[in-house]
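There are two complexes below, and they share subunit A, which is joined by subunit B in the first and by subunit C in the second.
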Partner chain A sequence: MFSPDRYEFFCPVKTNSGSRALEHLPFELDTMNATKPFVITSQKDARRGLVDVIIDAFKDSGVTIGIFDGAPAAPGMKLIKELFTMYRDGGYDSLIAVGGGAVVDTAKILNIAVSGAPEDIERYAGSDLITKPLKPLVLVPTLSGTGYESSRYACIDTLSFSSCFLMPHLVVIDPRMIVFEDVETTAAASLVTLTHAVEVYTGPEKNPLSDSYAYAAIRFVMENLVSVIRDPRDGKGRLALVNAHNAAGCAFSNSTPGMAHRLGKAVGDACQLSWGLCMGILLPHILERQTSEDGYHIPGLLLPLAGFDVYAETPEHMKVQKAIGILYDFQRDLFEASRGAIVRSLKDAEVPEEMLRDIARKAAGRSSTGFDADVSLMVLEQAWKGK
Partner chain B sequence: MNLPGYYEFCCRVKIIAGHDALEKIPDALAYLRARTPMIVSDKGVAGAGLIDIVTSAIKDGVTIGAVADDVPPDSDLQVVHRLARLYREKRCDSLIAVGGGSVMDTAKGVNILISENADDLMKFSGANALKRALKPLIAIPTTAGTGSEVTLVAVVKDHERHLKMAFVSYFLLPDVSVLDSRMTLSLPPAITAATGMDALAHAVEAYTCLAKNPLSDAHALAAINLIGENLVRVTRDPGDKNGRLAMANAATLAGIAFSNSMVGMVHTLGHSAGSVCGVPHGVCMAILLPYGLEYNMHKNGHLTAELLFPLGGAQVYAATPEGERADKVIALVRRINEDLHEASGGRHPRFFREVVDREGKQMVPREKLPEIAKTALSDGSLFYNPEDLDYDDFLMVMETSWEGEPLERRKIKKG
Partner chain C sequence: MGTIREVKSGKKSLKKDYVAIMMWFMGRAIQAAASVDRDVRKEFAELPDRFTFDLCVMPDGPHMIVGKDRKGYVRYMGWDTEGKRTNLRIKIKNLEAAILMFTFQESTALATARNRLVVDGEVPHACAAVRILDIVEVYLLPKIIAKLAVKRYPLWSPGRKYIGRVFVYLRTVLGL
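Presenting the complex of A and B:
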């Protein structure tokens, strides 16, 4: 097994997952010395009754909670300032984010403000500028996430933040909250998850601790995504997927984002497509490219993708080919299970071919790791055509 | 991947690993806003020159406020109070614990006193009595086995009042654990062997007992794989730096796995043999591990079978028919014990009758086995064991593991 010469790993997240997990919340807050949490969620999740489950969990606990159920899809600084005032005037001492995506970004960024002052927010935009722990932040994820919820990342307006202090202290995965979402949302977060976990597991910063989180995430996505897309009533599968989102967020926070992540985002931003869909299309093409580059660990990927038996019976020299083949098969299975909604090529995603050169140049420009515009273009062209 | 009805998982310890990881301690302390650490250690560690290695690695980056390298193996409340006084006198602002379980426990006890500015440690005993972060604590393990660098428990004895205080809190987790190959390079083969088997027992029980979860499973699999590939090798060749680092990683992974999933009967009996006869914990784990797997086979044989993949490697796994994999794992664990016995010049015991103290005296006389079995009945770790054991069952396991005979499967009562 690969054991690197040196590495660092940090994951402050505690995970509680399973039946009635939310009922432990009052106790968990007490261990963090918090007594008055401020809940942030979206109108959509409030409307479908998810907040009621949270309220029930606090019944008889003696804990007073505040609820803001109006987090919009694109929160701005104005909202953060309003929430800051509500938090301060209400005497709250901790945050609970219920949902995914923008709700969690809002809570993370609000946490910067309430742990100091609203002026801090712009000062801390960037990488690793926050220098001390923030207020306790609990995440109660749903299936409507983006795959970034447990991670060290947050963004608002044009500002983006990266700090381990932004990661939730506690993630409570409760089956009652993991209700069905539409195919696109479900697939997008899980494909972001798969891409992140695979790039951690195969990338130059691979280490046994981030591998453990990545391994669990990859297994869960491979075992459950197709079946959940085919049959959204698969509750156990949905729960497993949210467990995967969480584990991958932890792994991804300990690694420099890889090429599939960066290119996928670039394509998604350029063409108003979901990042997950683009990353999912690009991933096997990029891995194929990386097999011939130094510093990547592609053969071992077969293990989390396919399990012990397939790994053990595949000869060493066939492992890369087999792993990539499994990812292409996975794209096909998703395409079929979603009745064509989850496409397998950038062409089918209606990315104009003439935009590829521009996307490649932009993605390479943003990159801090070594991949240039020519390589990016080559991969994009392959992914445009598809397998 | 198994997804249980409910589980919790948490390891907030930052891991810094490498052949030159110690050099990163000043930065790690600065990040925690500390710059005057007190080093806590014991004479064995200091005598092996390890404190010198630590101090020369960090002295340019921090001011070492105090060095207390005389924590006794059987540390207690008095030691904790004495070190807390020293810490205050020298105006330290953080702790670096270099050593094994007793040093870690002592440092955690000191940390409670100094952080809470308290005189009475008892007030904080039990589960979750601590409500806020303590002073920065950096753990540097000097064996690859116990995993205490990533556990949230501390036990402090009060010899005057004949008490044992246990503290359980996420705030007791070290802030940082530094795994540096230099810390275990001089470990003698017998200790390398026993501590490595301790880590294996943690990981195997985490994977095969009742409180397993997907994240503890993933950590356990990685630990078992690293141990399978490296433990016998480093016991034979103690200077193998990469092997040493791999084992340090394995012990930490195993520590994370078991502290998030609990353990079973191997630990139940191991604790008893330790407390009744003073057998080192790792030795108990090494001897008992195959018996625990045999005893539980009818309940968790399918999980034991899976472990052939990480322990024996992909080829052995593929070459062994499914129905024979669990037995093969047990045979492999026994084989590792044999190899360690040989690699340590016979010092690593394979059975309880082979365990001797420094003077060569047998540590577990046969007539002590009933007492060990009796003591095991009151150990909480049995709760997570797949199959129940009563006094007769414990005695049977102790007798066979004393002799070095395999368990007779037909004698196991199937509940």
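Presenting the complex of A and C:
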């Protein structure tokens, strides 16, 4: 087992997953001294009946909840200030975010405001600038989340925040909330999860505790994503994927974003593609590149990717190639299960080849982990052609 | 920009009534089984004098209060907690968890493993209470259902099971 000379790991997230998990919410809020929660969700999730499930879960609890079901895809500071007023005037004392992405960003940023003042928000943009615990934040994820929701990160407008105090206190994963959306959203979300978990598991900040979260996330995705894409009625598979998102988010909070994350984001932003799709394409190409670099732990990746039997029967010197081969096979399986919707190369994703140099330069410029533009370009060119 | 709406928690009256009736019947059955079954008698004998426990659903009931009276007899003491001192309170976290237990979809052991119960009192006493509940469920339920409700279905002689069942039912219905 890999044991680093020194490491840090912090995860304050309590997870409550499984049948009727939502009904535990009143009890859990009570343990956090919260009596009047403010629920934030999107119109889309409200239309799908998810708010009704929340209301039903609070029956017989004596708890009054406030529901705001208008969180937009791109929230701004104006919305946060309006929500702050509603929260304060309604006498609420905790937040429940139902959904993924922007809804959770809204809840996290609002939590900074309601735990202090709205003026605080801009002051706390950056890394580890929040120095005190915030109000109780509960996350009820759906299948559209990526795990970013459980992490220490949040963003709004052009401001980015990173603090362990932004992590939710409780994540409630209930099968009734995990409604299948579409193949692209589901696959992209889980590919973000897989990328984060693999980069934590193989990266320089690898440690035994982040390994356990990353291991669970990788196994869940490898065992369930293709089957859920083939059969969206696979409820157990959907539940496993949301658990994977949550575990990967907790692991990701204890690691610096890796090259696949940064390059995937850069390609997605430049070409209006989903980050998950781009990260999924790039991941095996980046791992191939990292096998020759110091500080990465690729051979052990075979264990979560393929399980004990394959790991045990593969000779030590072949473990790296086997692991990377499994990721390429996984891309192929996803491509076939999604009938071509989840492509395997940047070319098939319609990324213009002439943009690669610019993307590589921008991604390398934002990197704090030391990969340069030439290496990025090389990886992008390989991923553009595909395997 | 949307608006906020406040929703007061509603009621699940039917489910609550069902759990209340089951608890009432279970309470009387524990009293009956304490007279009929040697293991239940032994479990109670090992508990402190005037020991009383309350099985309840959070946040505000229903309750099932059972305990030993001054003479050491086991009595079902009703659902009203007013003025009653309890040594042990086993709290089911919510009504849905109680429904899972009292429709025998989840055994007490499984509910504990799934963190659906809170114990307010000494854990050894709570274990004794759970063992008592298991024995009583074996008397009250046919094997096919009782197997879902208890941790391990016991190997009892037919005499103990069937004659005991008749006496437990009779005493429960008559309140003896």
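The rule we apply is simple: the second predicted complex is superposed on the first by the 386 of 387 C-alpha atoms of A that agree within 3 Å, B and C clash if a C-alpha of one lies under 4 Å from a C-alpha of the other, contacts with A are read in each partner's own complex, and residues count from 1 in each chain.
In the analysis below, a residue touches a chain if its C-beta (ideal position, glycine included) is under 8 Å from a C-beta of that chain, and two chains touch if they have at least 3 such contacts.
All figures in this text were calculated on a predicted structure; none of them were measured in a lab.
*Asks:* Quick one: classify A:Glu82 as touching subunit B (first), subunit C (second), both or neither.
*Replies:* second
*Asks:* For A:Ser61, decide between first (touching subunit B), second (touching subunit C), both and neither.
*Replies:* In the superposed model, A:Ser61 contacts subunit C only, not subunit B.
*Asks:* Kindly classify A:Tyr311 by the partners it touches after superposition: subunit B alone (first), subunit C alone (second), both, or neither?
*Replies:* first
*Asks:* In the overlaid three-chain picture, which partner chain does A:Gly18 touch, first (subunit B) or second (subunit C), both, or neither?
*Replies:* A:Gly18: touches subunit B and subunit C.
*Asks:* Quick check on the superposed pair: does A:Leu239 touch subunit B, subunit C, both, or neither? Answer first, second, both or neither.
*Replies:* In the superposition, A:Leu239 contacts subunit B only.
*Asks:* Should A:Arg47 be classified as contacting the first partner (subunit B), the second (subunit C), both, or neither?
*Replies:* Neither partner.
*Asks:* According to the stated criteria, A:Tyr213 is in contact with first (subunit B), second (subunit C), both, or neither; which is it?
*Replies:* In the superposition, A:Tyr213 contacts subunit B only.
*Asks:* In the superposed view, which residues of subunit A touch subunit B and also subunit C?
*Replies:* In subunit A, residues 16, 18, 20, 30 are touched by subunit B and also by subunit C.
*Asks:* For subunit A, which residues count as touching subunit B in their complex?
*Replies:* 1, 3-21, 30-31, 33, 131-133, 207-209, 211-213, 215-216, 219-220, 223, 236, 239-240, 243, 247, 308, 311-313
*Asks:* So in the complex, the part of subunit C that touches subunit A is made up of which residues?
*Replies:* Listed in rising order, the residues of subunit C that touch subunit A are 1-12, 16, 58-60, 93-97, 100, 114-116, 118.
*Asks:* Can you name the residues of subunit B that touch subunit A in the complex?
*Replies:* For subunit B paired with subunit A, touching residues are 1, 3-12, 14-21, 24, 31, 33, 128, 131-133, 169-170, 213-215, 217-219, 221-222, 225-226, 229, 242, 245-246, 249, 252-253, 256, 306, 309, 314-315, 317-318.
*Asks:* For subunit A, which residues count as touching subunit C in their complex?
*Replies:* Result: residues 16, 18, 20, 23-24, 26-27, 30, 38, 43, 55, 58-71, 79, 82, 86, 90 of subunit A touch subunit C.
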